[in-house]
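The same chain A turns up in both complexes below, where it pairs with chain B and then with chain C.
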Partner chain A sequence: MSDLSLLVQMGFGALLALSVYLPLRCGQLSLATPGFYVIGGYVAALLSTRWPALSGAGTGYPLTSLALELVVAALVAAAVALVLGRPVLQLRGIYLAIATIALVEILRVLNLNLAWSGGAVGIFGIPQPFAGPGGYALATWVLLALVCWLCARLEAMRLGRAMAAIRDDELAARCMGIPSADVKLTAFVISAVIAALTGVLAAHFLNTWNARQGGFDASITTLAFVVFGGSRIWLGPVLGGLVITALPELLRPVGDLRLILFGLVILLGPILFPQGLITPERLARLQQTLRRP
Partner chain B sequence: MVHLLQILINGLASGAVYALFALGYTLVFSVLGVINFAHGAMFTIGGYLTYLLIGGAVGANGLLAGWQLPVSLPFWLALALAGVGSALVGLGVEAVAFRPLRQRNAEPLLYLISSLGAGVVLVNLVQLLMGAESYSIPASTLAALPPALALGGAQIRTVQVLLLLVAALLVALLTLWLEGSRGGKALQAVAEDPVTARLLGIDSGAMIRLAFALSGFLAGVAGGLVGLSVSIAGPYFGIGYGLKGLGVLVLGGLGSVPGAVLGGLIVGLAEALVPSELSGYKDGVAFAILFLVLLLRPQGLLGKPVASKV
Partner chain C sequence: MQVPSAQATAAASLLALEEVSCRFGGLLALDRVSLQVQPGEIFGLIGPNGAGKTTLFNLISGVGRPTAGSIRWSDGAINGLPPDRINRLGIGRTFQNLRLFQRLSCLENVLIGLHHSARAPLLPALLGQRSFRQSQGELRQRALELLELVDLADTARQPAGSLPYGSQRRLEIARALATAPRLLLLDEPAAGMNPIEKEELSALIRRLRSRFDLTVLVIEHHVPLMMSLCDRLAVLNFGRRIALGTPESVRHDPAVIEAYLGVSA
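Showing the complex of A and B:
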C-alpha cells in the first residue's frame, strides 16, 4: 500500500472514530457506525454505477456528482437515524450497544441477500472522481478537518455542554431542563451522517462495495479507536483512529505476529490508559509546558 | 409430519449449542455485570483442542504444520479435557484482561475493549500455530454408534441427538449446582451484591475466577460439539457463534440461566424453520428477534426489570 493510500485509510479511521465518539459523549454506547458507513457506501455505489447521467461527458467522474452523492447519503443516513433513533435510544448501556450490533448485523444479512445491492459479490467498477490516492487523501482530510471543527465548536456550544451533562448524570441534566431525548437523538443523527459521508468516499476509493465492509469487527475496531484515544475530547478519537488504522501497516515487518500485537494493543490500552491517551487534563498540562519551556 | 420432527430436532440441537454458549456469557455477566468478548475465542480453542486430543494432525499452513499429539483419546475424554483446557484459558483471560480493571473499579466499557483484545490475541495465536484452514472431527470417532437414528419414521443424525443430550446434561448439572450447593449459592450471592457477599465471608475474587472457569468450560465443550456435528471452520468460527450467543443472551434476559436456555432454543428453532430457499437470511433471524424483543421488552424474556434511575 502506498503512503498516500495509508493516509486515506487513516483519515477514514479518524472520521469513523468521531462518529462513534459523538453518541458516547452523551453517554450512549452506539455501535451503529459501520451500518451507516455501509449505507453511505451503497448510496455512492448505486448512484454512480446505475445512473449514467451522473458520469458526465469528461474522462473522470465529475466532482459535482460526488458532491450530490454526499448530500444524498447524508440525507438517507439522517432519515434512517431519525426513524430508528427514537425507539433505540430509549435503551441504555449494554442494551443499546447490543441493539445497535443487531441493527448492523440485520443490515449486513439484508445486503448479502438482496438483489439490488449486488448480493455477496457486491458492486464493482465504481467510477473514480480522482486520478490517484492523492486526490482521495485531500478530500478525506478536508472532510476530517470540517468534522473536527464541527466537534470542537460543538464542545463549546450549548448542545455540546448538554451532551456532557447527560453523560455525567442524565437525571440531573433533565432536572436542569435539558431535553435529553432530543439531545441524544441529535448526536445519533450527526454521528450517522459522518459515517455515511465517510462511506461515500470509501466506496469510490475502494472501487468496489459489498456487505463485508461493515460488520461486528468494524463496530469493535471503531470503538477501540475511541477507547484507545480517549472519549472526553474530540482530539482523542481522531488520534486513536489515525494510530490504530496505521498500526497493522506499521507492524507489517513482524509478519504473522502483527494481528497478535494489534490485539495486545487493544488489550493493554484500557488497562494502562483507562481514560485514553488524550484527556483534557493531559492537554492542559502539555499546553503549559509548551508555554513555559 | 416426519419432516417437521427432523426440523425440530435439528433446531433444538443447534439451539442447545447456543444455550451453552449464552450460559457462559451469563455466568460472567451475573458476577461482574460485564460481557466477556473473549468468550468466542474460548469456543474456538475448545474445538481445536478436541481435534488435537483425538489425535488429529495440524494442517500445512500453521507453524506447527504436520505436528500431532502422541495420544489419540476417545472423543468423550477429549471433549472433557478440551473443556478443562478452555477453562484454564478463561482463567488466564480473567487474570490479564479483567482483574487489573476490576481492582481499579474501571467503567464497564473498558472491560469490553480489553476482553476483545484478549479474544483477538487468542484467535490469532491459534491461526498462527494451526493455520486458517478448517478442520473436521471424523465421525469415525463415534464408530460404536450408528450414523443416523430412525425415530418415528424420521432420519435423525446421531450427532444431533448427542449434542442435545450433552447440552441438557450440562445445563441440568449447572442448575443443580447453582441452586443446591454452597458454592453455587455463594456465586449467586456475589452476583446479587459483591460487597455484602464479602462481608459475609465469601471470597468474591475466587467466585469470579470460578465463573470464568465454568464459562470457559461450557464454551470449550460447545466448540468441540460443533466441531463434531459441523466442522471447525477456521480460528474465527467462534466469533460468529459468539455474536449470536450475545443475541441469545439478551433475548433470554441478561444474567438469567433459564433465560439463556430458552433464548438458545428459540433462536435454534427459528433458524431451523427458515425455509431452505431463504437460507441466506438465516443469520439475520436471531438478530431480528433480538431487536424486536429489545424494543418491546428490554429486560429480555425471563430477565428481571431493572429499576431505572431516569
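Showing the complex of A and C:
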C-alpha cells in the first residue's frame, strides 16, 4: 500500500471513529456506524454506475457529481437514522449495542440478497473522480477537518453540554428540562451522516462496493478506535482511528509478530488508559506544560 | 411577601394533588394523598423515613407516575408527563441522593440548568461569531450570579463531585434555579449539614423565595427548622397524609405526636 493510500485509510478510520463517538458522548453505545457507512457507499456506487448523466463528458468523474452523491448519501442516512433512532434509542446500554449490531447485520444480509445492490459480488467499476490516492487523501482529510471542527464547536454549544449531562445522569438532565430523547436522536443522526459521507469516499476509493464492507467486525473495530483514543473529547477518537488503522502497516517490518503486537496494543490501551489516551484533564495538563517555557 | 391563609381555596392553588396513590408491587408508597400548595408559600413535608415523601416529589416532577389520582399544575393535569416537559412548565427539583453531573464543573452544572435560556442561532454558533460569543458570555455571567447566590462562586471551575457535601447540596439548588422554576422542590436540602449551615440554608431558602417569586415545597427531617421555615406543613406516615396545617396546629396534632413527633415531644 502506498503511503498516500494509507493516509486515506487513516482518514476513514478517524471519520468512522467520530461517528461512533458522537452517540457515545451522550452515553449511547450505538454500533450502527458500519451500517450507515455501507448505505453511503451504496448511494455512491449506484448513482455513479447506474446514472450515466452523472459521469459527464470529460475523462474523469466530475467532482460536482461526487458532491451530489455526498448530499444524497447524507440525506438518505439522516432519514434512515431519524426513522430508526426514535424506537432504537429507547434501549439502553448493552441492549442498544446489540440492537444496532442487529441492524447492521440485517442490512448486510439484505444487501447480499437484493438484486440492485449486486448481491454477493457487489458493484464494480465505480468511476474515479481523482487520478490517484493524492486526490482521495486531500478529499478525506478535508472532510475530516470539517467534522473535527463541527465536533469542536459542538463542545462549546448547549447541545454539547446537554450531551455531556445526559451521559453523566440522564434522569437529572431531564429534570433540568433537557429533552434527552431529542438530544440523543440529534447525535445519532449526525453520527449517521458522518458515516455515510465516509462511505461515499470509500466506495470511489476502493472502486468496488459490496455488503462485506460493513458487518459485525467493522462495528467492533470502529468501537475499538474510540475505546483506545477516548470518548470524552473529539481528539480522542480521531487519534484512535488514525493510530489503529495505521498500526498494522507500521508494524509490517516486524513480520509475523505484527498481529500479536497489534492485539497487545488494543488490549493494553484500555488497561493502562481506562478512559482512552486522551481526556480533557490530560489535555489541560499538556497545555499547561507547553505554555510553561 | 404575602403569605396565603391555610383556608385558601383549591381553585387558587398552584399545585393540587387529588387522591394521589402510588403502588410499588405490594407496597402502597402513597395512599390517596391530597394537598394544595398556594403560590408564594413555603410548604413543608415531614414524616419518618419511608413515609413516601421522595415518592411524592418523583410523581410531581414526572420521574414516576401515580397509580391513581391526579396532579394539577396551575390549571392543567400533569400526571404522566415526562420530567423535561414538567420542568419546562416551571417545576424544578433537587435530589435527596445528590444527582449532580459529577465530572463537570460547578459552572457547567449551572449552565446545563440554563439550557433553555441558551438557545442561540445555529450558524453564528457554528462559526463562533461575535454575537454567539457575546450571548455565551452573558450566559456564563448568569450562571456565575447563581453560583454567587449560593456562595459557590469561588469553586466555579471545580468538578461538582469534588465539593464537600453541603456545597453539593447548594449547587443542586443553583442548578435547579437556573431552569427558572416557579415551584422548587427541595428534597432534604439540609441533610449532612451542621446546625450553622442548616440555619444559613433556611435563610437562603427565604431569600430565594422573595427574589425569584418562588413557591417552595421542602422535605426535611429537622423539625424545629421546618417549624420556623414553613408557612404550612403536611405530615406523611406510611404513605398517608396524617396532618396538614400551620406549624402550630401540626405541632399539637395528636396523630402527629403519636406517629412522629412523639419521640422528641
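By definition in this document, the second predicted complex is superposed on the first by the 293 of 293 C-alpha atoms of A that agree within 3 Å, B and C clash if a C-alpha of one lies under 4 Å from a C-alpha of the other, contacts with A are read in each partner's own complex, and residues count from 1 in each chain.
Here is the rule we use: contacts are C-beta pairs under 8 Å (C-beta built on N, C-alpha and C of every residue); 3 or more make two chains touch, one makes a residue touch a chain.
As the structure is a computational prediction, the values presented were derived from the model and not from experiment.
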Looking at chain A, does chain B or chain C touch a larger number of its residues?
B
With both complexes superposed on chain A, which partner does A:Gly125 reach: first (chain B), second (chain C), both or neither?
neither
Chain B versus chain C as contact partner of A:Arg161, first or second or both or neither:
second
Under the stated touch criterion, which partner chain does A:Gly60 make contact with: chain B (first), chain C (second), both, or neither?
neither
Taking the superposition as given, does A:Arg174 touch the first partner, chain B, the second, chain C, both, or neither?
both
Once chain A of both complexes is superposed, is A:Arg153 in touch with chain B (first), chain C (second), both, or neither?
second
So, A:Pro87: does it touch chain B (first), chain C (second), both, or neither?
first
Dual-contact residues of chain A, meaning touching chain B and chain C, are 171, 174, 180
Hey, which residues of chain B end up touching chain A in the complex?
34-35, 37, 96-97, 100-101, 104, 106-114, 116-122, 124-125, 127-128, 239, 243, 246-247, 250, 254, 280-281, 283-284, 287-288, 290-291, 294-295, 298, 308-310
Interface with chain A, chain C side, in the complex: residues 61-63, 82-84, 87-88, 92-93, 95, 99-104, 108, 111-113, 115-116, 118-120, 125-126, 128, 136, 175-176, 178-179
Chain A contacts chain B in the complex at 29, 87-88, 90-95, 97-99, 101-103, 105-106, 108-110, 112-113, 170-171, 174, 180, 216, 220, 223-224, 227-228, 256-257, 259-260, 262-271, 274
Which positions of chain A touch chain C when the two form their complex?
150, 153, 156-158, 161-162, 164-165, 168-169, 171-180
